[in-house]
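Common to both upcoming complexes is chain A, partnered first by chain B, then by chain C.
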Partner chain A sequence: MAHAETLPAHKSPTAAPLSATFNPYAWIVGSVFAVLALPLVATLGYALATRWGATLVPDGLTLAWFVELWTTPRFVAAFARSLAVAVGALALSLVLVMPVALLAHTRYPWLDRWMNTLILMPFAVPPVVSSVGLLKLYAGGPLPLVGTPWILIPTYFTIVLPFMYRAIANSLRAVDVQSLMDAAQLLGAGPLKAFFLVILPNLRGGVQIAIFLSFSFLVGEFVFANMLVGTRFETLQVYLNNMRGASGHFTSALVITLFAFTLILTWLGNRQAEHTITEATR
Partner chain B sequence: MKAPLPAWLWLVPFAVIFTAFQLAPMAWVAISAFNVNGNWGLGHFQEIAQSAFFRQAIWKSLTISLVSSAIGLVIATLTCHALVRSGGRLRRAMIAFTNMTSNFAGVPLAFAFIILLGANGVLTLALQRLGIIEDVRLYSTGGLIVIYTWFQIPLGILLLFPAFAGLKAEWRDAASLLGAGRIAYWQRIGLPVLWPALAGTFTVLFANAMGAYATVYALVNTSYNLMTIRIANLVAGDLFLEPNLASALALILVMLLVLVTLVQQWLLRRSAQHGSR
Partner chain C sequence: MMAATTPATQRAAPSTVPSTIPSSVQTTTPSAPGRQESGNAVSLRGLAKRFGETSVFADIDADIEHGEFITLLGPSGCGKSTLLRAIAGLTSLDAGSIHIGGDDITRLPPQRRGVGMVFQHYALFPNLKVADNVAFGLRMQKVPGDERARRVDEVLRLVEMQDQAHKFPHQLSGGQCQRVALARSLVVEPKVLLMDEPLSALDARIRRHLRDQIREIQKTLGLTTLFVTHDQEEAMLMSDRVFLMHQGRILQKDTAEVLYTRPRDENAAGFMGHYCLLDAVEAAPLLGFRSQAGRVALRPEALYLSVQGRPLGGERPARVGPGVSGRVRRHRLLGNIVRYDIDCDGTSLAVDTLNRSARSLLPAGCEVTIHVDLDEVQELDA
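Moving on, here comes the complex of A and B:
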């Protein structure tokens, strides 16, 4: 949030020393920046305003909307549900993708080509389209998952698969898996022990980046959550949508809270990425 | 050393879950689109083609997606061009900011635009007081194009910037040494080099817009007629559930995305052949 607050300072390109003479490039960047910042700044202002009626600036500033939000049990419950589903989906992804990436790297080179095609599918098929099939297949029958959070966990696995697979495959490329495995087994470790104690710690950096980015992506997911489960298991985005009748100040505080949360996650992911890169080039 | 189990068994859990939750739903959509009351046929596609309502949904989806992708691409191209010429600090700050805004999508984006440009929005009231406009209709085609363009710009910048950063200063110097002006440089060198990135970015933006659902749904619920809204309403609406018809419409949507991708690749192949001649 502190981030967003400092934004208006750069907003006007005339503030930059560059524009002592007319610099068209700074003007283009400045105006695109202003256009992109406008909705965010307005929402932040609204979340912090006591009242913002027919005036150019808010009447007064307050944190009351954030206090009200964080003391609303329904919001806290929705937050907890979103976190639980995201953690479940990421745990499932790690368990399922790790062995595939490892085998594609060590034993079956053809598998990597296959995976690179498969991971395009979540991009090619919009969530609304997948929902049509998922609703039909899991509404009844042997696996009646629709309406419960259990449908979201494997579905979220499919949409984070591209990030997870690429991240793990790229980290594996940076590690000499075969020699490490051989060395560990020579010292008496079984293949599983060798994997958990030697290979996994070497992949930590890359996997953490994928986890942070996937996490922020999943907390922002609305389409599947709303179509497959809806209000029976209200996640953050579904809660926000259901609050459309509430005060604009309250929903603004909610929007800003969500945005700040995803910013922290992507910041952690990017910091990890820089950390991993500096370590690798050392 | 004897392995107790063959290694490929480790692939089975992944294959089962991926098939059940990604491939099977897609296959069901593709098959049920042709299922007309238990018989095979093109009845659902006929129904869509004959219904003014569904034709309007397809038309509006295409219009909003094409217009917002085109405007988004032009603005992203200008911004990248300017960013390459700007100082390192401004460039880094703008790329970081773009990254940030590309995370701002879906329901929160709709709410932010209601605060900004809704009937009582901050900017709406300010513009009205200044007498610039009478009212803003956020819930119209124009309003949706504004919102779509807003989320296309950051994505476009992030996808295009690497290509612009790859334009070497030496090429420009070499061209001007050989007497090429600004226009000739862009015609002969700049655009041909950037062309694949521009076409690819346009395709991604178009697919992004065609598949968008959350923002419009949060903004106008089901009252604006778009393909994704119609598909969702046919499987999860309040009345008249018609999953097979939804599948047919969903299949048309996927086919449109495939068509645009094929056209893009055909254009790229053709220009590559021209270039190598």
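Moving on, here comes the complex of A and C:
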């Protein structure tokens, strides 16, 4: 309401009393937020409830479901598998995408056009379709990965490729790579040293954001994990799927845990973004 | 004479000499000490560069003395920046050799040439604070920490940026950025400083100030400098000598005075000042004789106006041509100068007079007589 009073010039005199009690923007934002948050709040309530049956509010509150979840070895193992696969895929994508983005930016501009088309593939082809292709691809040849958990790493690489490539390419665009490399070399640094001292630190912010976002995306990935490896290598989402017959309170606790984890990663990514903008430290 | 004063002034603090100079010089040039005292600081021989079918520059020969401030002046696209980058080692050459301090550096990578460079858009490292930007070159030379800090502080004082040492480049103005970039190049004590249009991205007031500051620092350090610009005023004010470039060739290498008053050919005259270029027939009535040269170049300030027999402006030179009558088409006010466009029998001439008073401005259509200072007429081969 204080906000409305600070902007009297925008309001006609007759509208002023109305706007003092009714702020349409706040209502729109509030209702959108409520629609989005409601299922989550309900799930959280269910995860924390001892019993939630025919009543409007739960019977009692308990952390027992979370304790049970975190003491289930099968869950912890699935969580660890998800983390391992995500870390592997991100490491692979960094090593492969960074040089490609750098070359596309400095030497071969035509490569950027190809990459921009290529990174649409994961969105254009549904996972159900591409998993069939991937199964065929990795069934034989030099990399017979079908049936092993390793198949998830190159597969997840294709999923995070758009995020990683765009993030690195955008960061490169914000930096005058050629001039910085020239300047560093004239000050006595070899090309490799110049890249690590002068270019890489300036890409760090953008790359970190991409890593955090991709990470939370991969931890929540289900279709590929289920179709390519399934129960032989139970990741978090596959585990959740397999547990759908178990207590609803238990699976709610699982979903909330997963959500909290993703939230923290996203928050870290955003904080890194602000950090990069303000350049508070080096 | 510049060479003799160079070592003493360039290394202002004697204590740095034994520990730092040998390390930097030895890594860049394995030459005997004292070698750079003799000969030219820079010699370029037959440099040529092509991009595919188009020649960027060719037949570049030049010698630069120790401590000299040379400007490469030319219109955009004349190859001057590419030439500078080739000297820095950032662009490969198709032919020719470059010697710095007597050593052939043609095949050396940029980091081993002992040249510093200042770029048009500063090229400061955005992830490093001012002090760390400046210290970068010293770190690469593995100069120890305390000495590094002292030299960084020294050079930041020189460019009057010592108070900004802890800021990041994005917190600085353009002029400040360029001074940091200058400090960053100076701190490693390069044998030659290359500057690629360092003032072009700055606004006029900062540009004038930094221009004078760069020249002053360069003189103090006795630093051999090669400065690229398309701005004639900058070139004339800063340089010991100007190399005028046109379409990939050096047309003329002279001091600003000679370049301005005695352009060698039509292209040089076209770029310097505001020469009127006339052919011999058009110029004959003004000169009083038919020139043997193909073209005649006249500077607006070497022409004198009279109105109804009364001379306008200052004293007349000793040798003037016969008067030619003309009509004022219009005038342009350049501040302290008024430039008249005068129509003489279909030939258009520009004449400069000092803007002494608004009352003495000649209106359009006014009948005037034009005399030319015969000592300032340039006869050019067509």
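Everything that follows uses one rule, which is that the second predicted complex is superposed on the first by the 236 of 282 C-alpha atoms of A that agree within 3 Å, B and C clash if a C-alpha of one lies under 4 Å from a C-alpha of the other, contacts with A are read in each partner's own complex, and residues count from 1 in each chain.
As a working rule, a residue touches a chain if its C-beta (ideal position, glycine included) is under 8 Å from a C-beta of that chain, and two chains touch if they have at least 3 such contacts.
The structure presented is a predicted model; accordingly, all values stated were derived computationally and were not measured.
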item	value
Fit-or-clash call for chain B and chain C when the two complexes are aligned on chain A	fit
Touched partner set for A:S216, first chain B, second chain C, both or neither	first
Of chain C and chain B, partner touching more chain A residues	B
Which of chain B and chain C A:A184 touches, first, second, both or neither	second
Which of chain B and chain C A:S130 touches, first, second, both or neither	first
Lowest inter-chain C-alpha distance for chain C and chain B in the superposed arrangement, angstrom	5
Contact residues of chain A, present in both the chain B and the chain C interface	none
Chain A - residues contacting chain C, complex	175-176, 179-180, 182-190, 193, 197-198, 201-202, 204, 279, 282
For the chain C and chain A complex, residues of the former touching the latter	27, 85, 88-90, 109-111, 113, 115-117, 119, 121, 123-129, 132, 136-137, 140-141, 168, 170, 181, 184-185, 188
Sites on chain B touched by chain A in the complex	3, 7-8, 10-11, 13-14, 17-18, 20-29, 32, 75, 78-79, 81-83, 85-87, 90, 93-94, 97-101, 103-109, 111-116, 121-123, 125-126, 129, 150, 153-154, 207, 210-211, 213-214, 217-218, 228, 231-232, 235-236, 243, 246-247, 250, 253-254, 257-258
Contact set on chain A toward chain B in their complex	3, 7, 10, 16, 18, 24-26, 28-29, 32-33, 35-40, 42-43, 45-46, 52-54, 56, 92, 95-97, 99-100, 102-103, 107-108, 111, 118, 121-137, 154-155, 157-158, 161, 191, 216, 220, 222-223, 226-227, 230, 237, 240-241, 244, 248, 251-252, 255, 258-259, 262-263, 266
